[in-house]
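Labels for the chains are A, B, C and D, by order of writing; each one numbers its residues from 1.
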Amino acid sequence: MSSSSDKTSKALGILNTFKHVEQLIENIRNKSVDESHRDQLPIELNVSEESTLKRRAFLKSETGQPLNYLTGSQSFSELNSLEGNIENYIGMSMVPTGVIGPLRVIGSAANGDFFVPLATSEGALVASYHRGAKACYLAGGAASVCLVEGVQRSPVFKFSNMADLGIFVVWVLQQTAEFAAITAQSSRFAKFTDLSANIEGNHLILTFEYHTGDAAGQNMVTLCTDAICKFILENAPIKPVMWFLESNYSGDKKATALSFTNVRGKKVTTEIILPEKIVNEVLKTTPEAMADYWRSSTVGIIQSGAIGAQGHYANGLTALFIATGQDAACVAEAATGITRMEHQKDGSLYASVTLPNLIVGTVGGGTGLPTQKECLELMDCYGPGKARKYAEICGALVLAGELSIAAALSAGHFSSAHKKFGRKKT
Amino acid sequence: MSSSSDKTSKALGILNTFKHVEQLIENIRNKSVDESHRDQLPIELNVSEESTLKRRAFLKSETGQPLNYLTGSQSFSELNSLEGNIENYIGMSMVPTGVIGPLRVIGSAANGDFFVPLATSEGALVASYHRGAKACYLAGGAASVCLVEGVQRSPVFKFSNMADLGIFVVWVLQQTAEFAAITAQSSRFAKFTDLSANIEGNHLILTFEYHTGDAAGQNMVTLCTDAICKFILENAPIKPVMWFLESNYSGDKKATALSFTNVRGKKVTTEIILPEKIVNEVLKTTPEAMADYWRSSTVGIIQSGAIGAQGHYANGLTALFIATGQDAACVAEAATGITRMEHQKDGSLYASVTLPNLIVGTVGGGTGLPTQKECLELMDCYGPGKARKYAEICGALVLAGELSIAAALSAGHFSSAHKKFGRKKT
Amino acid sequence: MSSSSDKTSKALGILNTFKHVEQLIENIRNKSVDESHRDQLPIELNVSEESTLKRRAFLKSETGQPLNYLTGSQSFSELNSLEGNIENYIGMSMVPTGVIGPLRVIGSAANGDFFVPLATSEGALVASYHRGAKACYLAGGAASVCLVEGVQRSPVFKFSNMADLGIFVVWVLQQTAEFAAITAQSSRFAKFTDLSANIEGNHLILTFEYHTGDAAGQNMVTLCTDAICKFILENAPIKPVMWFLESNYSGDKKATALSFTNVRGKKVTTEIILPEKIVNEVLKTTPEAMADYWRSSTVGIIQSGAIGAQGHYANGLTALFIATGQDAACVAEAATGITRMEHQKDGSLYASVTLPNLIVGTVGGGTGLPTQKECLELMDCYGPGKARKYAEICGALVLAGELSIAAALSAGHFSSAHKKFGRKKT
Amino acid sequence: MSSSSDKTSKALGILNTFKHVEQLIENIRNKSVDESHRDQLPIELNVSEESTLKRRAFLKSETGQPLNYLTGSQSFSELNSLEGNIENYIGMSMVPTGVIGPLRVIGSAANGDFFVPLATSEGALVASYHRGAKACYLAGGAASVCLVEGVQRSPVFKFSNMADLGIFVVWVLQQTAEFAAITAQSSRFAKFTDLSANIEGNHLILTFEYHTGDAAGQNMVTLCTDAICKFILENAPIKPVMWFLESNYSGDKKATALSFTNVRGKKVTTEIILPEKIVNEVLKTTPEAMADYWRSSTVGIIQSGAIGAQGHYANGLTALFIATGQDAACVAEAATGITRMEHQKDGSLYASVTLPNLIVGTVGGGTGLPTQKECLELMDCYGPGKARKYAEICGALVLAGELSIAAALSAGHFSSAHKKFGRKKT
C-alpha cells in the first residue's frame, strides 16, 4: 500500500510538462537537419595532439567554451573551493574525457544541438555513443521529455504494536501543511510535494517527497526530513519506540523495481524514429535486425532477473556524470529503465528509452568544480534553471548508446568494435 | 535451467581459496592492532593546503608513493598513451580524491594495512568511510576473502523450432574441449571454465564463463566468445536462423538477481566482529541499535523491490573505481550484495558484506593511466597478480562504509554528518 | 512515475481503518483467553470416522453450521447453479478438507474466534497451521487489520509519437469525474477511486483503480474499464494507433514488486506477541531460535531473488481459497508479503505478516457454490459486508502458518513433522 | 556464486531429453490433424445436464474412463485412505470441473491428444483454454519438451567466523559420494544429483538437488537432506554454531528469479507455429495483433516488477493441479515463466511458453485420491513413469491459455468473454 496524502502533484507534473505540447509537436513535426553542422566535430579515433587541438578549437567556436581546466591550460590551486566536496584530500584523479555530438534534442527544456563530454577509460565507449548520436542527428533529433520530478526520504517509525501505530499514522497524515512549512523553513529550494505511508506490522515507513529545484537534492531532502521528524517526535500523540531517518526504502544508491511506479529524481522518456536508410548507412544494420535483437535481448534480460530492460545505460551515464560533477554513485539507480525498439510498417525503426531515476542537478554537489563546471557549460547546463534540460540530454545520450550497441550486436560488429578501440595496442 | 558442462571448477575455486585456510585462521585468531599506526593519517576534514601536504608526506613515507600526477607535480602530456582508453579526446576531467585508512585487511590475497584512495565530489563520503575503516582497524581488521571468479558472455542462438535447437545443443555441449582450445588461441590470459545452456522456446542462450587473470576481462571474454561462435557457426550440424553475441543475460552493466547464484567477476565476502567499546567510541552508537537498524532497513529494502540488501555499496565502489581506473559503469552490477549485522551474545557486533559481482582488474583498461596507476600503487595493487588482492580490499572498504552509515542512521547522526561535510559553506 | 489524479483516497482508506482505533486498542489491550474454549476442537490427526463425526458435531454446536454438502449428507444436483462458474462441466473434484481453530482474531472487521476450513491434499499442512493457531489463541489472539483496498485494470494506449501521447494524456487526466460516472453506470458495486499514468516512450499505461465492495472484483473492474476505454476512444482529441485493455502491468495472477508500494485487492497486516512460555510449550522452541531463523531465512530468500520475504503463505491461502470459493489462481499474487519475527527484550517473540495482495471476496465468483458457501458460513463470512472480515482472518491464518513453520525449522522438527503426517503409510 | 560439485548432470539431462531428437523432429515435421477427432468434445457452454452427460459419454468412449467419483455416481467413504493427506478432516470440498481438448501434444514423453480436466469456479477460464487448445490442435499440436529435472533443499549452516566456515566447506564438498549413498538409503526414489555452496559472511547455504522419480518430491528431499545433515553434523571437522534445514533459498512455495537459471521440479518449454488462417478463424484476431500485444504486455509486466513475463499461467495450472491432486500451493512457484509471441515472415504466429518450476508428480501426494486419480487417468498420467508426460501436458495447457488470452486482448474481446461466461446471470 502506498497511501498518499496528495499525489495529484504528479499528475500536475505531467500536465505541466505537456503544457506547451503544441510547441513540442510543432518542433517534432518540423524536425530537420542543419546540413552545415553535420560531421563538423573533428573525429579521429586515434588520440593525437593534432586532432585534440582541432576538436578543442571547434568546440570553442561552437560553444564559446575554452575549457581551460579540462585542457590543462589552467591548473587547479584553490583548495578551499573543495570544501563540501571531499575530506582527507590528496589530489585530483584525472579521467580521460572525449566528446560526442552534435546530439540533437527536441525536448520541453532542452532544444538544440549538444556536444556531450564523456569521462571514461573504456575504449570504444565514446565512439559508440558518437555513432548513435550521429544517427539521431541525421534523423532530425531525439524527442526527450522530463515527465515528473521528485526526491524522497523514507524514515521508519517502530511502535510497540499496530494500535499505537494507528494512532500515530492518523495524526501524521493530517500534518502535511505543517510539513510543507517546515520544508520551506529548512531549505530555500526544497518544496514538500507528497507523503505516503507504508505499514508493515508495527513498522511505519513514511515517504516524504520533494521537488529539489535544480539540485540533485539528496542532502536537501535529508535535512528537511530530519527537521520534519523532529517536529513529529515532539508533537505526535504517541512516540515511536524507535525510528530511523532512512528505512532503506527510498531507493537511494540502488536499483529498485519501485522505480517504474514512482520517480526518483527525474523521469525522462526519449524517442526517435530512424528511417531505414540511416540505420543502414550509419548503424550498418537493418531496422528489422535491430527489432529482432531487441526482442531476443529483452527475453534474455528478463531471465537474468534484472530490473527493467536495457542494454548499457550505465556506460553513458557514468561517463557523463563523472565529467559533469554529478554523484556518480547514483548510476546504481539511474542506470535502470526500459529500452524499446520496433520495426515499423514503413520500414523505419522506432526506438525509445525511459529513465525513471535520474538523480541529477546543475547546481550544488560537484557541479562547480573546475572541469565539471566547464563540461556543464559546454552544454549550457550550468546553474539554476538547467536541471530539466540536463535530464533531457541524458535521455538522448542514453538513447544514442542503446541504438549503437543494439546495432553492433544485431550486425555482428560488437566484437570488432572492441577489438578496434577497446584494447591497448601495445 | 542452467545446464553446465562443468561447474566443478567453481567448487574447486572455493577449495582453492580455502587451501591455506589454516593460515587464514591463524591470521584471524591473531588479529591485533599496531598501536603505532593508529591515527597517523593526518585527518583534517576542512580542505587546507597544509593538511594536504601532510597527508601526502605521510603516504609517501608509508608507501613510498610520491603520487606525482595525482598531486599535480607532474603534468600529463603523452596523449598517445591514451589509445585504447578514449576516442574524441579533449582533455582530462579532474575528480577530487581523498584517502582513508589504515584499512586493515586479513584475506587470502590481501593482508595488511591499506590507504585507500577515493575520488568523489560528494561531501561526507570520505569521512564516513574513514570512520568505518578506523573501527575495523581498531578491531584488528576485517577478514575478506575472494571466493570464486568468472566472467561471462551469453550469446543467443535462434532456430526455426525446438527440434532444430535440440540437434544443435546436443552437438554444442560436446565441444567444450574445442572451446577451451579456441580460448587459449584467442587470449593469453583467458581460461575457458564453464558452459551452461538455457533453452526458452526456440532460443538457446549459451553462457560461456572464463577466468580472465588479473584483468576485469569484459573485452577478453567478448573476443573469445566471438571466436568460439565463429567455430560453432562453421561446424554445427545445423545453423541457427539468427544469433547475437550477447543475449543481455550475462548481467553486463546491470544489477541482476542472478548474481547471488552465480558470480560475475569476483565474489568477495568480508566480515568483522566489533567489540561494543569500539562501536560506542568510534561509531557513537551501540551494537544493539545497529542490529535493530539492520533489521528494519532490510525489511525496508525488500519492500522497495531492490536486488540484494545493502546500504550504499555504490558510494565507496564508485569512488575507488574512478580513482583506480576501473570501469566505473560496472558499479551498476558491482553495487549489489548482502549486508548483515547481528548483535552477539557477548555484546559485540557481527557484520558482513558479500559482493558477488566485482568486475575489477589490476592490468588493462584504465589501470595504467597516470593518476590511476599511482592510486593502485598506493595499495600495491598495480599489475599482474594483484586482482584478488584488490577485490578483497574492495570488500573491506564496502564493509567500512556499511558500518559507518548504519551507525549514523542508528544514532540519529546521518543528517548532521551531511550538514557538516556535505554542503558548500557559501 | 505514477501520476495519480487522486491517491488521497488511499490515505483516507488508512484513516478509515483506524477511525475506531480506540476500540481496536481497547480490544488489543484487553486480550484474554477464554479457557473454556481451549482445545475443544477434537483433534485427532489420524483420519478416522469417529473423530470426523466429533469435529462435525463440535462445529455444528459452535457455529450452527451443519455443513451438509461438505460432509456428503446432501448431494449436489442443481447443475444450472454452476452457470458463470464453469464451462464444459463434467463433475466435481473432491478436495479433502480439514479445520483449524479456534483462531482468535482482533481486527477492525473480524473480532472473535474462528474455525478455518482448509482444503488440501498435503499432509502436515493442517496440523501445522492448527499448531500456530493454538499459539496465537493462547496469547490472546492476533491483531489483524485490513489497511487499504483497491483492484486495478491497466490498459495501454500506443501513439505515433510522444507528442500525440502528450495531447491525449493531458485530456484524459481531466476526465476523472466522467470515469467515476461511467463506473457507477457499469456496476452496482464498483467505485472508481484512482487513476495513474505511466509513460514509456509512445506507450501510455493508465491504471484505473476501484473499490469493488465485497467481491474479489476482477471481472467488475474489467467491465468498468472497458466501458471507460470506449468513452475515451470516442471522445479523446487524438486516437491511439493501438490499445489493449490490459497491459500486463496490473499484477493480475502474478507476484510483483509493485505490491509493496500499491495494494491489489486488500492489504492486511497482522501481528502477535507470543510470551516465551507459549513458544516453549506450544511451538517447542524458543523466541531466540525463531528470531535467529527469521534472520537467516530472510537473508536466504533475498539471495533467491524472490519478491518479499515469507515462508509459505501459499500453503494456507491456497487451502483456504479452495475451501471458500475464491479464485485460487490468485495465490500467484496473494502469496507475497513480508514476515517479521523479533526476539523482544522481555523474552517474548514479536511476529507479523503483511499481505498487500489479497484478492478475495465474500460475494460472487465461487462463494455461492455448495461446499464453498458452507465453509464461508462456518466463519460467518458469506455475503455482503464480510470481505474485510475475511481478509483479516486470512492474515491471522497466514501468521499462524509462519509461526509454525519457523518454529519447526528453528527446532529441527521440520523433517519429522513431514515424516509423521506427510506420507502415505503404505 | 554457485559452486557445484557436479552440475554436469544437468547438461546430461538435456542430452537425455534430446537423445531421441530424430524421432521428435520426425513427429514435429509430420504434424497433422486427425479430422475425425475435430470438435468431437460436446461443447456447450451453458451448464446443462444433457451436455454434461454427452461429454461424460464421449470421454468414456475416448479414454475408457468412467469417472465414477467425479460424476458422483460413486460416493467416497474410505476415510482411512486419506491418511497422509489431511488432518482434522471434516469433509470434501467440491470444485466444479470442466474439460478441454483434444489438446494435441508432441513431446519427448507426451505424444497424442489429451482431454484435460480443470477444476475452477472462475467462469470463462475453461472456455478460454479450450479455444487455445483448439487452435493448437488444428495446427497439428504443440511441441512440448521436459528439459531438465531437479528438486532442492537448501539448509544453512552458521559459523563463528568465515575461517571456521572455510574448514567446513572444504570438507563438505568432498563428501558427495557419501551424500549419494545416504540418499539411496533414505529413499527408494530419490537420487542425489548435485550440491552447490553459497557463502555469505559466516553463513553457508548448501543446496542439495535430487531427482525424485515420478513424485513431486518435496517431502522426499526434506527427508534425504535431513539424513545428510545428520551425517554432516556428526562427522564434520568443525560444527556450525547453528543450522536450519531450509534457508528459504530453495524457492519452495514462492516465485524466484533463480528459476530461470536453475530448475525447480521440471523445466518444460512448449512451442507452436499457428498459420494465419487458424489465428483468424479460431482466435478471431491476427498474428500481427498478437505479436503487438505480446510486445506491449512484455514491457508492461517488466514495469510491474514481476519475475518472468507471462499472462496467466496460474489460471490453467491451478485448475489442473486441483483436479489432479498436485500441491496447488506450488502454483506460487510454478506460475512463473516466459511467454513469447512473434509474427513470422510467412504470416504465421510463433508462440512459446517456458516453465522452469513445475513441481508436479504422478505418484504420491494427492494423486491417489478418488477424483484426482480419475482425472490423472483421463490423461493416462497416473502412476510411475508418467511425471514427465504430465509436465509436458502442463506446458501445452499453459500455451493454449496464453494464446487465448493474448488473442482476446489483442482483438478487444477480453471484456466480452468475461461478460458472457464470467458472471452469474441472476
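Here is the rule we use: a residue touches a chain if its C-beta (ideal position, glycine included) is under 8 Å from a C-beta of that chain, and two chains touch if they have at least 3 such contacts.
In this text, all values refer to a predicted model and were calculated from it rather than measured experimentally.
Relative to subunit A, the most remote chain by averaged C-alpha coordinates is D. In terms of C-beta pairs in contact, C-D outnumbers the other of C-D and A-D. Subunit A and subunit D, compared by their mean Cα positions, are separated by 42 Å. One finds 24 Å separating the Cα centroids of subunit C and subunit D. Each of residues 198, 200, 203, 256-258, 260-261, 298-299, 303-305, 307, 309, 338, 340 in subunit B touches at least two other chains. Listed in rising order, the residues of subunit D touching subunit B in the complex are 1-8, 10-11, 13-15, 17-18, 21, 24-25, 28-29, 143, 145, 147-148, 161-164, 166-167, 169-170, 173, 196-203, 256-258, 260-263, 267, 269-271, 273, 305, 338, 340, 350, 352-354, 356. Residues of subunit D that touch subunit A in their complex: 257-258, 260-261, 295, 298-299, 302-305, 307-309, 338, 340, 342.
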